[in-house]
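All remarks here apply to the structure that follows.
The letters A, B, C and D name the chains in turn, as written, and every chain counts its residues from 1.
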Amino acid sequence: MDYASYLKLDTLLSAQAPESARRGAEAHDEMLFIVIHQAYELWFKQILHELERVARIFSGRVVDDSELGGAVHAAERVVRILQLVVSQIDVLETMTPMDFLEFRDLLVPASGFQSEQFRMIETRLGLTRAARLRFDGADFDARLDAGARARIEAAEGRPSLREEVDEWLARTPFVEMGGFDFRTVYDAAIERMLKADIETIRAHAQLSEAEKQVQISSLERSSAMYDALLDDSRYETLRETGAWTMSRRALQAALFIFLYRDEPALQLPFRMLRALMDIDEQMALWRLRHALMVSRMIGRKVGTGGSSGYDYLRGSAEKHRVFTDLFAIATFLIPRSDLPKLPDAVRVQMRYRYEG
Amino acid sequence: MDYASYLKLDTLLSAQAPESARRGAEAHDEMLFIVIHQAYELWFKQILHELERVARIFSGRVVDDSELGGAVHAAERVVRILQLVVSQIDVLETMTPMDFLEFRDLLVPASGFQSEQFRMIETRLGLTRAARLRFDGADFDARLDAGARARIEAAEGRPSLREEVDEWLARTPFVEMGGFDFRTVYDAAIERMLKADIETIRAHAQLSEAEKQVQISSLERSSAMYDALLDDSRYETLRETGAWTMSRRALQAALFIFLYRDEPALQLPFRMLRALMDIDEQMALWRLRHALMVSRMIGRKVGTGGSSGYDYLRGSAEKHRVFTDLFAIATFLIPRSDLPKLPDAVRVQMRYRYEG
Amino acid sequence: MDYASYLKLDTLLSAQAPESARRGAEAHDEMLFIVIHQAYELWFKQILHELERVARIFSGRVVDDSELGGAVHAAERVVRILQLVVSQIDVLETMTPMDFLEFRDLLVPASGFQSEQFRMIETRLGLTRAARLRFDGADFDARLDAGARARIEAAEGRPSLREEVDEWLARTPFVEMGGFDFRTVYDAAIERMLKADIETIRAHAQLSEAEKQVQISSLERSSAMYDALLDDSRYETLRETGAWTMSRRALQAALFIFLYRDEPALQLPFRMLRALMDIDEQMALWRLRHALMVSRMIGRKVGTGGSSGYDYLRGSAEKHRVFTDLFAIATFLIPRSDLPKLPDAVRVQMRYRYEG
Amino acid sequence: MDYASYLKLDTLLSAQAPESARRGAEAHDEMLFIVIHQAYELWFKQILHELERVARIFSGRVVDDSELGGAVHAAERVVRILQLVVSQIDVLETMTPMDFLEFRDLLVPASGFQSEQFRMIETRLGLTRAARLRFDGADFDARLDAGARARIEAAEGRPSLREEVDEWLARTPFVEMGGFDFRTVYDAAIERMLKADIETIRAHAQLSEAEKQVQISSLERSSAMYDALLDDSRYETLRETGAWTMSRRALQAALFIFLYRDEPALQLPFRMLRALMDIDEQMALWRLRHALMVSRMIGRKVGTGGSSGYDYLRGSAEKHRVFTDLFAIATFLIPRSDLPKLPDAVRVQMRYRYEG
């Protein structure tokens, strides 16, 4: 056992084969291009490893709290890795367009869009085939080889992180517990807040009538969205329009967790939700930075895979987000000082036994 | 002279006045909210200070190379500061939506959109009134006070960085020099490249006919765009559609600089162009991260200033870019190994006298 | 209420008064020098604001878990702010030594060592006067004015974060609870580990005898250190040598928390300890980067305050660490799979009531 | 040609073989441990690739300026990669000590100190065997296998980057050119500065006599150091004590470049020197962060390779720096406004022919 054999460095460090060198005219920067993409793929493997851990923990009916800590830890590590891979783009941008052109044509028709692992990460997080942008008029996996396509399809058949989180949230015990129904206490609070907001706007000296109307309409829309949370059929109507993707129960639980996150038993669930939002944000940043880098490298040309990569990446930064519902929940939060007190019988259940 | 008096710390550190404390119920996180926005404004002041330096250098008819170094240094410093202010958002995101709600209503109708310095940075870079997104149906500066509005308007009357750079590029001596005309050597080279690209695609075994057609059309569009670079009236037609914003001469010079940037006299100009692209990229990242942060903080509510901040910021990340032409130029680059050799008479002019 | 008045921008943005401009020959980079130090001071104020929050929470005899979450949040925010201020040095390093020399002499005898807020942060964290390096043969606060010195001395009279954490740890209930004594189960486990380690080394084919001896001595030292944890008087002897700074009970509790951190009731305490280690690490990085920046700026000259800043900063990166004990505890951890099971009666106390 | 075959992903992604899994009890975090070290090794390979490029350019007797741009670009890329690998430590720190202990014993006696590529980077930069810290009483390469040791020794026989830069600097033409001798103009300037500094200190009201003496001695030491620059034998005496490592001519040229870096022909040489300082700084940060991470992971235990890794890394952060002379030069800079004007005959040689 030594360092080199443990890390299989012989294998690892012989896997860089610049095509330009093979053809007799080495382009200096092709090594960077290979190394950075290999580093990406190593990190993608690690991200999938962590997502599997989360999936394993959530797949059980009951998520034990000592395990939930492990799931949060894994999700937070994914965030940290994503921050790293986003910052790797800084290194890639030290390659100038003309340095890239030296070997670009040799890569046709290979393309970063063929990264099976990145597609797998998207799928495992919960990006569905239906929600994906088309890619040059074809499915996102049309360019993958048959084996990769089959593995992606198999993954689509498994519950994604989004689905697992949805089910876990829907099971949150405290939202309704021993006669307590969170909605009955919260409905009044949020209605009060929305009404007070409308009053504030109406009474405002510095706002024009038109501006007031914009704000009041927005509040009324929020109010209607909230009302729909209370009613299955109205909620499903909204969900079909894509306004929500989570189940109604899960959404309520997430709201409950955001509101009462200081309670001991909700601190880990809160961190889990925050990590999911962080993952969503980092994925969006990755796509935007990737788009800007592509536009810097090849201008308005098509990519080596024959695609209008910039438009696709730019669009996906917005459209391929998975946990937007968690961001939207902020619409229905109220200040902590206005928060209805939970009944003691519920509160004590969320505390540790030794202090309960 | 001591540290505290030099930095006017008495003044500086007494300028944090949380509104919640004034009203008798201090919200812990309001201090962070104030401090981070004050830090932003300090950095905005520094950015404007650096942009003034660049403007001063470029305002002369001849930009001396020892001064150009100073302009590049200032522009690169702006990039570095923008990277810092983007990363400051990480700190702001440690504030959760409910912590923000504790004092949010006290801020109405103040809004980050009222930052005069940020609007000034945009204006000085070259974002024109016409190119700006409307903001709740009003001009971007409708919410500024009269003094700030007047200062912005005055700035709009001065040449912006984009305009100064355009004029400086248009004066680049080497593009046409003593009988040499860059276009005559480059036109043939780029036509060769585009034709070869089309051949490669036609002969391709793995691409479908539809895919081939997509790529070929794209190349033909590129070819037409390039042709327009050679003809004033066709170029102006394209420019009116917004396809280009720079002047034709400046664009040609920028292309020349990208291509021959290894020549000693072009190394600083190249770094200047790269810094401008970096500024553009960092501003886009700032807007996107800002948008994501707003959506995380208030969901789908309107902002404290009564605006749909998320949509505005999201849109501006794309629409408010200033130096997109420099990105688009990459379309017309060719590999260094295919680059036409410059005549010795031109080349020697770009070298230092001692080695010329 | 508008943005500028809320943030007191008139005051804030008129507090930059370059000394070089006052003397009639503005040095461009003095603005950067002022702005970056003012940004530091704003962040230092925020760090102190967060440390006060932590102190308030810990000052009570019982730290309620819903409050502990707040303390952890504040400590983690301090970490994030420190990461930001460390990265600010990248911006300062865009100033070259000669640009600094343009105004450096005007600052004499002011010096960054006169930052009261930074000294206050050190003091509030728990850096004692006795543990501090001398500074040009004088006390660290000799250069502060009388008011600042008095405030630092007053702060030295209050319990520091280190002391508060020590008391809080010492009260951890589970370490000894209802007949259970953590040490009795752990002593055996760690002795087993140390013995097994020694066996492994002795049996090793590839290690030389000398190398084996180094490793075995190190393990024996560790063993002696651990033994001392069990005995008040031996522990105090070690503590007087500076080998430990925490109390014996607190150290045991910290070890317990590290080992059983997956238990629900220990997850927040674990994050608190980790945040303290992160603070320690970031402060060390700040000092080292600061030292390197000073050496880059003025070489081997003395600083504007007349001090050998590099040596002081370099030394303090190592000597001014406050939470080294928490790092050292890792010496006494064992693999999770060898961890003695806690009695059910103890374990259940660390769980939430609803699942207990 | 597709993405997976181009990047040899089959090979790359099958090179992670956790030892814990092989022994039947997979430790989740071992994958992270392997992936991050493999990512390091990929980046080390890239750094060596860039250093080879620099070496190739500098190995010629004349470094053409269009090539010098390439060398600067490569060195600046090394800086950027080092910043990335330093920030990778943030990811590694998501592994807690107990997670590491799960598989740590399986790695004995492998150790990160066996990384041939890292030792090669140090050697290629210019860290000599004599300047290296001993490692458990043995040479730094005692733990490497015979092949690696031979390759390191071969590299020690080649000129290092430090040596190549020294020779390149020593050839800088402008320092003495056509009757001009930089020293004769600069000696007076620096003597004036040092005398003026001493006067300023003597006249100072707020400094104590003791403090004045400290500052004056420091200035006198600087003065003596500068004087030695003028005299071969005194310089060699200092060099033997380790006060300087560069040759006297190279040091003078570096000083000249720092002072007149605004001249066109010196801008690239200045950036080269700055990149070397950045490399030195990032290597020091890497070592310090590495040391802190080790101490966090294993406390005061010895490492898997049997070494006191913390002390070694901590010491090497200071002792293994290669370009400290470039930092020390700042001691002898003077404000730009006091800088002696160069004779026109010299200046014009540093300008481009077209504007000369």
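As a convention for this text, a residue touches a chain if its C-beta (ideal position, glycine included) is under 8 Å from a C-beta of that chain, and two chains touch if they have at least 3 such contacts.
Keep in mind that what you see is a predicted model, and the values were worked out from it rather than measured.
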Most distant chain from subunit D by Cα centroid: A
Pair with more cross-chain C-beta pairs in contact, given B-D and A-D: A-D
Subunit A and subunit D, separation of their C-alpha mean positions in angstrom: 39
Rounded Å distance, subunit A centre to subunit B centre (Cα mean): 28
For subunit B paired with subunit D, centre-to-centre distance based on mean C-alpha positions, whole Å: 33
Set of subunit C residues in contact with two or more other chains: 108-109, 261
Complex contact set, residues of subunit A against subunit C: 64-66, 69-70, 173-174, 261-265, 267-268, 348-356
Interfacial residue positions of subunit C with respect to subunit B in the complex: 1-9, 11-13, 15-17, 19, 28, 31-32, 34-35, 37-39, 41-43, 45-46, 49, 53, 73, 76-77, 80-81, 83-84, 87-88, 90-91, 94, 106-117, 145, 148
Subunit D residues within the subunit C interface of the complex: 25, 96-99, 101-102, 104-105, 108-109, 136-137, 197, 200, 204, 206-207, 210-211, 214-215, 218-219, 221-222, 225, 258-259, 261, 277, 281, 284-285, 288-289, 292, 295-302, 306, 308, 314, 317-318, 327-337
